[in-house]
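Each chain carries a letter (A, B, C and D) given by its place in the written order, and its residues are counted from 1.
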């Protein structure tokens, strides 16, 4: 099958949906001529014109609210926040309005919108352009939160997100943009709320999100050489979470390592730990639930420090080995 | 000893600190003549004048940033955000600036400020005036997060927060404002990062935050009648967390129930579960770690629905009984 | 602009309904039948009704926390509205929203909001959507003088002009944001002037207690918006008679000031106008008033007899299917 | 306003240092010695240096992402600055901040910022603090034309006027916010006009490529602020020659436009002025230029020889003791 990049898969999903459904449009900063800070929407202005590619000045709150309002009357906007760090400016509209309007109005309306945003470190852009806030939005009933990890997944998940009748926060790790993979040309949906076992194994379950899925897969390849057989589970959708798949995998392996890039304290790993520790999988646990996640620091500029601030393949190998070989 | 309300204790802490230290000032909406939406600062304008009680128009981002800036040059501002729901508008300055400036500038500066905000449901104020976002701020290195639960604690913790050289998010549950308790007139500090065992017990540890501490204590009184002896642990400071006290208590009782008002998914209960499940207490657990927390809905207006949306004493009694009597 | 008798009767009735609704709301609250808080617009009726009288039924409004008048002006069913105020299952929002969040989406009322400035960015997006749908509809977006100080306002004005949305932004300047006086905020008198600089043609202030003046100003802006002339910003100067909400102790203003404004009662003003213009006799006006109050009494009865939501349904309706 | 020879030499040197610093930055990046991104202010030097030349050493500035010129103008140590750019332990921020976050707190530079508009609310607070300390200090707060569209700007202007802070807000209008043209944002030309309406006396625009004009305008505002006259808003119209950052492909503007602006090079303009006014000879100017470039070369050598931060120290310095 044809191989394209993660970034191209996003562009293709948006383009195909815009061709299919005239209610879909893009709104964001520098998404027109500039093509988006990461060139995700490059070329789309030529195709769809200024009527459907709405380039805005720097107005995170305003443009997010504009997406909410348009969705409220039946459009299907895709808003882009250039860096996830700036969702701090947009969260009022996302959290108080988009997430709540339907419930607050007793079901009279819905807010079918997608807010796409690049997250994560690794580009040397330092403290204000590197954060991962997924658990903030997981904490908000009314929102859905999607974190795709492969070109194939990102296309199917984005199409589902656009077609979903609820506000979806769609988080793209920057270092995934140039990764390549097989992606069908036709449109397809990957249902929100379904985890994917990216690698089957029997000794230990790694639950990883975003870029950590790729790093965990690489770690698993290392460890199989030592005879340690790792299962890598990618939730893909963080809210709603596919608890069933998680419980099943942990019951099978009896051990679990949670890996994410976001800061450990208060992060999504806690939610995963909580879900497992209160489930029937608890009785099957042969070792503590271990979280390997971002260190308790802002993301620094210096390249070595930046790397040290988030889990790397070696860190995963080490923790996974330790846990897999632990006798309790 | 003299009894005063939680609200009066806050006012007294602020007043005494302002008398002691001329760098301390208040900034917020309607904190002057109006006395604050909950009358916390009532009377302080007369005492300190407009120079130190800075009443602002509706500018959550602006006033929070103003506190950050003033702190940056050595003042000690106390900013009030009228309802925690509106920290969504202020979080850019809190999360990207206040929390990061010191690290980002390699230690050249510090940001000694307090952001006080009333949180939680129970006042019939519905979706936009009832939320609990503590875990958002727990997730941000550089911030401290304090959630006091008694008049005595709130005074000592607020004094420590004002004297702390870091940005502190200080979360006050509205339903606590009118609760009464013994509070010394003199100034005293309660160190940040120290949990408090609010009730000793041996059968089960309840770790509760905010108003849930009071509800858990009431539940414990019910259960002792049935011979179930509950330990209630109040972390008081959520970041930094007193992991040691938590682990110790759980090792002692072997069972743990986590109770908070914020929505369960993505909440601080996950962090607590994660901390316990990866600690040495794991080996002492005699039952799954259970979280009892806010339901997966915005806070509704109707009184019965509003109550049903967050844990009540009966819910705690029931869960605690179930867990305490569980044989695994 | 000359009103028809029919319209005069209609506006007069709506004004009394709003006044009666809010007086009733206050009574129900005092009687302990209602929990929470509420924001009354008594004294501001001309702004809501004058503005919304310029719309077609297919047009839209989006409101703010002080929104009872806006709802009624947009034609809300008084029973469903009162039931919502009482938190009942058959209220507009199934009792989930209450006073601060009433919406009547089918009737073109896209809802009140508890966040000051919360509706303004959405208004831009609604305008974008209306433009894309090209059905010639217009939106009125209401907010208070306090909301004009928010960042949401500034960003939204810029976007509204950039995308030339068919939206009329209406600032109901009732002189205070809680205790914060519009005179303290040094730009208060200048909100409309900002509008001009943002590039909104025809931004202006009105005597917001004069229904006729409000209707004329908003009507012109609505016409311009409908014809593709883009957004406007209109400031209706008015006054709230009651405290900000139930927590208000009125420490920031004098009784004299309140009394002064009460003399400018928008209802009496409109009534006098109708009588002078021979649109209504005093007797007809009295009958309308009576009808207004009895409509609300009927709504109260309806609301109090209505069922509460079932607790088992709590988690319904968070997500759309 | 007549410059002293000493000042002329000083500003000329700073201009060349800024230009040289950024040319070096670009080279180091191209050579793969630097990761991340950077924002060059080549073409905007007069705005930074003209503005900051009006300050006393005890005064403060707060900057934005395009801040190299501001740092140098405020008297930064070039070695420590370059070391920071290289992410080294002995850089101003111990390599934690990099290009976008250089601060020199002891020197009164309260730091650059990666969030557009991020420094503006802080500026108000710094102003509040300075007023409370009553040591007669002033703050210059820099931001771009793009930042003027943010809610942070609007809220901050209102608060600045309300509290009459000793702050001069300086909008460096380089015509674009990334690809977004100041002409597209319909109020771009009107930022200073907004300032007037907010109630900032003496808000104005300058030819931001003319150091003398900038200095005069900012100087007057600084004087007013120092004397308790409150905040001002000044817009320096200028142009960035380079792309927005390393990701820019310059699709949104023409080569002709860039070439047109290059003819208005602020360095050549100031140099010509100095020669005309007999403050400098051509030869002296050449010597200054040479010194500027060699200072930067020395800084590069210093930076490249500097140690990297130790990974073990990662978690240091998040919290103040």
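Definition applied: contacts are C-beta pairs under 8 Å (C-beta built on N, C-alpha and C of every residue); 3 or more make two chains touch, one makes a residue touch a chain.
Small disclaimer: the values here were computed from a predicted structure and weren't measured.
Student: Tell me the fewest steps from chain C to chain D, where a step is a jump to a chain it touches.
Tutor: 1
Student: For chain B and chain D, which third chains touch each of them?
Tutor: A, C
Student: Where the centre means the average of the CA atoms, what chain is farthest from chain A?
Tutor: With centres defined by C-alpha atoms, farthest from chain A sits C.
Student: With chain centres taken as the means of their Cα atoms, state the distance from chain A to chain D in Å.
Tutor: Inter-chain centre distance comes to 36 Å.
Student: Report the inter-centroid distance (CA atoms only) between chain A and chain C in whole Å.
Tutor: Their C-alpha centroids are separated by 40 Å.
Student: Counting in whole Å, what is the centre-to-centre distance of chain A and chain B, each centre being its mean C-alpha position?
Tutor: 29
Student: Among the residues of chain D, which ones contact at least 2 other chains?
Tutor: 93, 95-97, 101, 113-115, 118, 149-152, 155, 158, 162, 184-185, 318
Student: Residues of chain A that contact two or more other chains, please.
Tutor: 56-57, 59, 61-62, 85-86, 89, 92, 96, 103-104, 126-128, 141-142, 296-298, 300
Student: Please categorise the chain-chain contact pattern as a line, ring, star, complete graph or other.
Tutor: Shape of the chain contacts: complete, all pairs touching.
Student: Once bound in the complex, which stretches of chain C touch chain A?
Tutor: Residues in contact with chain A: 60, 62, 91-97, 101, 103-106, 110-111, 113-115, 118, 120-130, 132-133, 151-152, 155-156, 158-159, 162-163, 316-321.
Student: What does chain A use to touch chain D in their complex?
Tutor: Touching chain D: residues 29-30, 32-35, 37-39, 55-62, 85-86, 89, 123-129, 295-298, 300-305, 308-309 of chain A.
Student: What residues on chain A touch chain B, complex-wise?
Tutor: Listed in rising order, the residues of chain A that touch chain B are 61, 85-86, 88-89, 91-92, 95-96, 99-100, 103-104, 126-128, 133, 135-142, 239, 241, 258, 262-263, 265-279, 282-283, 288-291, 296-298, 300, 328.
Student: Mind listing the chain B positions that touch chain D in their complex?
Tutor: Checking each residue of chain B against chain D gives 23, 25, 27, 51, 54, 56-57, 59, 61-75, 77, 92-93, 96-97, 101-112, 141-142, 144, 165-166.
Student: Residue numbers of chain D touching chain C in their complex, please.
Tutor: Going by the criterion above, the answer is residues 149-155, 158, 161-162, 184-187, 190, 193-194, 197-199.
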